[in-house]
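The following pair of complexes shares a single chain, subunit A, combined with subunit B in the former and subunit C in the latter.
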Partner chain A sequence: MKKLSARRRHPLAAVVVLLIALAATGGLYTLFAPADKAKADETAQSLAIDEGKKLYAVGCASCHGTGGQGTTDGPSLVGVGAAAVDFQVATGRMPAQQPGAQVPKKRNIYSQAEIDQLAAYIASLGAGPSVPTENQYNPEGADIAEGGELFRTNCAQCHNFTGKGGALTTGKYAPTLEDVDPKHIYEAMQTGPQNMPSFPDTTLTEKNKKDIIAYLDAVNSDKSESPGGLELGGLGPVSEGLFGWIFGLGGLIAVAVWVAARTAKAKKS
Partner chain B sequence: MSTANDDRRKAPAGERVADWADGRLGIYSLAKANMRKIFPDHWSFMLGEICLYSFIIIILTGVYLTLFFHPSMNEVEYHGSYVPLQGQLMSEAFASTLDISFDVRGGLLIRQIHHWAAIIFLAGMFVHMMRVFFTGAFRKPREINWLFGFLLFVLGMFTGFTGYSLPDDLLSGTGVRFTQGAILATPVVGTYISMFLFGGEFPGGDFVARFYSIHILLLPGIMLGLVVGHLILVFYHKHTQFAGPGRTNKNVVGMPLLPVYMAKAGGFFFLVFGFIAMLAAVASINPIWALGPYRADQVSTGAQPDWYMGFAEGLIRAMPGWEINLWGHTLVLGVFIPLVLFGLFLGIIALYPFIESWITGDKREHHILDRPRNAPTRTAFGVAWVTAYMIMLIGGGNDIVATHFHLSINAVTWFVRIGFFAGPVIAFVVTKRICLGLQRRDKDKVLHGRESGIIKRLPHGEFIEIHEPLSQEQLHVLTAHEQYQPAEIGPAVDENGVERKVKGSQKLRAKLSEAYYGDDSQIPKPTAEEYREITSGHGHH
Partner chain C sequence: MSSQDTPEENLPAERAADDSEHGAVAVPGEKNPFADPGLPPHEHRIQDIDERAARRSERAVAFMFTLSMLATVAFIASFVAVPVDKSIYVFPLGHISALNFALGMTLGVALFCIGAGAVHWARTLMSDVELADDRHAIEAEPEVRAKVMDDFRQGAKESALGRRKLIRNTMFGALTLVPLSGVVLLRDLGPLPEDKLRHTLWRKGKLLVNMNTDEPLRPSDVAVGSLTFAKPEGLEEHDHDFQNEIAKAALMIVRLQPENIKDKRELEWSHEGIVAYSKICTHVGCPISLYEQQTHHVLCPCHQSTFDLSDGARVIFGPAGHALPQLRIGVNDEGYLEALGDFEEPVGPAFWERG
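Take a look at the complex of A and B:
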């Protein structure tokens, strides 16, 4: 220690300290710095954001403002996250065709790559839920019965027992969930689009969401079966009553007319 | 072959059985009196049969269902074959309904026959009731039987309600909650009735067992008695018939009960049974597995009752949520007013025969049916009633209407609110005009014959259409009806110039009578003189 202490005023001491400091910083940097791939990703990310910004300027900015800050025609998109963009654009809801009670689902004209770019741009405006990965929303192996219970507790009020949809106030509605992509169901729960409340992971955990998706997949998709025969829209007593009146009683009256017309009375000559 | 002392012929086995039965039951005199009972032929007279047969089908399938249904609200964990509910906690009632649907042989089909038959039973009764109403078949001597039929309809509604509540599924549980709300809205006694019916706070652990006894024993028992009474009265009064040549108030023209009518009715029973079974095999009804077990903390949108309770649902949905708070008590007008309207609305149609007979003052028996056009005010009233009923049905399904026709639910509700008052008025006026128009057309047809569509050009250039005179039979049908004159209250003063005392009710009656049978309410039917005058000279006019 004495040696070091004695040479601390050596003319070259500053240079040595500087070299040691530089070596340490450089060494730590090479140790911790992301690999080349990450470097490339970062550029890709900023590239996606740039591309997304261009798409945004064309398709979205007229309502949501040039920087996503929102206008009187559309809400702010700061913090809505990539999941919201992926849901809204991939289901064709956004860009909206016209203002109205609710923006309906329609054909999506963006490619998934473009949607990802848009999502990247919106995500760059503020932190929000990201697009779920496939093992988050894949219904394989989830608990269907549990999902049913969760669905009836949290979703059925608006979407009906099995997700056939229902009416909300003044022309708004909860859409049918029949054959909706599991990814979009997941994103909708996560982000709460339009009139829907959001169910973040603190409310419905990732597993809960998966169970709900599995339940819908079992009871309201093209592979779900109706053990009782024709489902009649799955709307319950209203459609059953209509069917009963028109085909049930209507058919029986037709039979009655037929029976009454075939009578034993003597033929008119 | 026969021995010498066996000179008496041995009766065939059938005759011996009949003899045996006659000695104990007196069937010969019964048969003699009733076998030749005549039933007129018209398809609309078979609506009642549709009801009777669907009622029998409901009882038969219901017995099968009782064998497997457990009317208990004990909580069990489901381990049956329906995967999306496995491991869920539910009442035994719900679990056993799932078992009936998935694990009992033929269970689902029988369940669906039972439920479809109930839907058709009620719809059939509604149409049957309207047939009786619009043809005036409720007139003396059939007022009591009209009330029997009305009671059957109302009891049918409640039997249906208690029935679809039994599986304890999320939809029906919501309906039971709705009913409990209506009970609670009744001033003073509401809370007591609710506590009594549910054995404590809703939902409690009792209502399935209680509804079960009501559904399978109490109400069907009363209904069975009423059905028997209804049929005995039909036999006793004999069936009504439409006017026609040879048909009078004192006879019935048609087929004898045995063998013709019996064969037809028996055949028709199997047709009805077969048709309903086919319906049940093809179309799903009340898929409780998709609805899930009832839990008081869950509710779904699109929760409606079966159609016959739909108008009650509509009344509630259309009614603004008014309430009055007085001295610490709440009077929920938003529910209580619909509850009162429900009773009034049904009551008015039940009492209609008595109202009409009071207005006409007619104490005679009527066995010949009216054609609806010949009783314009009654027909218009009936159509107005049906219109209000149908508007309330739309109200009951306002959310389904809104989503499926892309409308705002608020707009649908406002349409229903206004329509409930305006619709019947419009329907009344329009129906009356249509009836009068049809009466004019009938008059025209009687006096001038049927338009043949053959156009002739006369030598001087005029075009005429040939009118074919009607047959005697057709003339009879178009002129057989009787036209009432409005009741008079007499002069306002007596012969001494003193003002007569006229009771308010008499004045009201005279007013109503004028509305029913005044100049604006019926077209005087052609008289024989008019007919002769026109037909004697020239063939056309």
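Take a look at the complex of A and C:
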């Protein structure tokens, strides 16, 4: 003890004490605090997983295999995470109606509770991105201009500058992002559904994603406006030029023909 | 109609014969089936006969001109009164800026009414009597031609161009040299690009910096199926040559399962399945990044050239002539992705000396 107290003024003494205190706090915390919570969570979680497994057997297993390992008709779901399930099922894409180049968005037949159970089951097969919380995707207060730049760098090549969607190869397409729930946009970026590449948090941070959602909210939602009126698909000069040539010039020619075809003579011949 | 414009012999015989029966139809005779039938008889408009109809037309024209005036006043008023950021809903245009809509409508009405009024005026009230204006001979009179030649000869004599050789020669010299200024200005089209088309900013040891976060990338950041765009370390967006350099150095990074990579060189130049390809299409240089993560195809939005990233970015469809150049990458001591040299071949579209 005397030896220890002799070293109490050593320059590293404070660091050593701090480390011991930190280790003790951390250790105690892991011993007590999360233990109860984990237990409570586990029962709820395992219930959800069981329910999800039943739903999975009915709706998904025919293509994705009985254990989510995948078959020739559908990819493996191990490690796709809860976010992928929430996106695919809540937008009605899964279960798919028929195989084809692309599985389209359609009416969702599952309740949110059922989707959560399915997601819990799939998440239990392997670690993957979890469903984002509201404050992760809520565009309130995000940087719209920055989001626009990120959107044009990462997304616009397929989804068009204002998210109107576009064609890909052999029948595939990038869908329009109009009226898509911010949560689903977030999940799509994180998981990369179908042929869309994923944009994980490591390369496109949570803030980046929020900015992109804010940009889409500004340019491509109910409340966004187009100062010039008719957008003509938001395709830019091609559709606008075509409209000008066909309807603008065509209208002028039609008026000219109409004026010249009518005679002003009293005696019509 | 002066006699100079229509020499006597060019006038149709019928017209000269009887002006009051102007336009009488000449029945083609036995001898000449193609004789000029002349103009059909003139027919009157209701406005020519009925003064009340003429006044109605006058009022219609005046009404349209007045409408145009009112529209112009409305244009100025809406420019002053309508706030720039006010939005209204107009069927079928949707939500539209109120100012744009008001300015466009009023100016459109103002211009259209002037045109419509003028057309109505010309059709109903201005004289519509048919007039034939015959073509005159192209050749000038002999006296005129003789006078022009005389004047020219006189001018040549008076200028003494033939006698004062010094003036003549210096004038020719000046006129010959003047176009040279234009030729010299063409120099500004150069200088030739030298080897700028063959090299980019990438060289050994340059880190791959994520375009989104501006942070260098680690292999663990790049997930299978993800798509990331990178620029060379040290290139900042406000650098004066940023656009020139990024146009050549832009990089598209994807991660494949190493067993899915079919091309041997691609596998060798990758790092744990992470491959880095030029983002510039080899057809005409569009940024190309419509990446389909399941097929590993990348599609160019301009002309639909398609490249297979799992097979050395081979062209599988479309007009592109070369595979996308691949950048050889590795990992440095600190665990960041780095380039192991420049692209082996020029990026972007082919050029004359590319070889």
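To be clear about the criterion, the second predicted complex is superposed on the first by the 218 of 269 C-alpha atoms of A that agree within 3 Å, B and C clash if a C-alpha of one lies under 4 Å from a C-alpha of the other, contacts with A are read in each partner's own complex, and residues count from 1 in each chain.
Basically, contacts are C-beta pairs under 8 Å (C-beta built on N, C-alpha and C of every residue); 3 or more make two chains touch, one makes a residue touch a chain.
Please read all numbers here as calculations on a predicted model, not as lab measurements.
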Touch test for A:Leu150: subunit B only (first), subunit C only (second), both, or neither? second
With the two structures laid over each other on chain A, which partner does A:Thr169 touch: subunit B (first), subunit C (second), both, or neither? both
Look at A:Met196 in the shared chain and tell me whether it touches subunit B only, subunit C only, both, or neither; answer first, second, both or neither. second
Applying the touch criterion given at the start, work out whether A:Leu204 contacts subunit B, subunit C, both or neither, answering first, second, both or neither. second
May I ask you to decide whether A:Leu252 touches subunit B, subunit C, both, or neither, giving the answer as first, second, both or neither? first
Quick one: is A:Val78 in contact with subunit B, with subunit C, with both, or with neither? Answer first, second, both or neither. neither
If we overlay the two complexes on their shared chain A, which of subunit B and subunit C does A:Ala61 touch? Say first, second, both or neither. neither
For A:Glu231, using the defined touch cut-off, is the partner it touches subunit B, subunit C, both, or neither? Pick first, second, both or neither. both
Subunit A residues contacted in one complex by subunit B, in the other by subunit C: 153, 157-158, 166, 168-169, 174, 226-231, 259, 264-265
Provide the residue numbers of subunit A that touch subunit C in the complex, in ascending order. 150, 153-154, 157-158, 166, 168-169, 172, 174, 192, 194-200, 202-205, 208, 224-231, 259, 264-267, 269
Residue set of subunit C touching subunit A in the complex reads 43-49, 87, 90, 92-97, 100-101, 119, 123-124, 128, 210-213, 217-218, 220-223, 225-229, 254, 287-295, 297, 299, 301, 304, 306, 317
Subunit B contacts subunit A in the complex at 41-43, 45-47, 49-50, 83-88, 101-102, 108, 112, 116, 119-120, 123-124, 127, 170-171, 255, 260, 264, 267-268, 271-272, 275-276, 279-287, 289-292, 295, 297-307, 310, 396-400, 402-403, 406-411
Contacts from subunit A onto subunit B in the complex sit at residues 101, 143-146, 148-149, 152-153, 156-162, 164-171, 173-174, 215, 218-219, 226-232, 234-245, 247-249, 251-253, 255-257, 259-261, 263-265
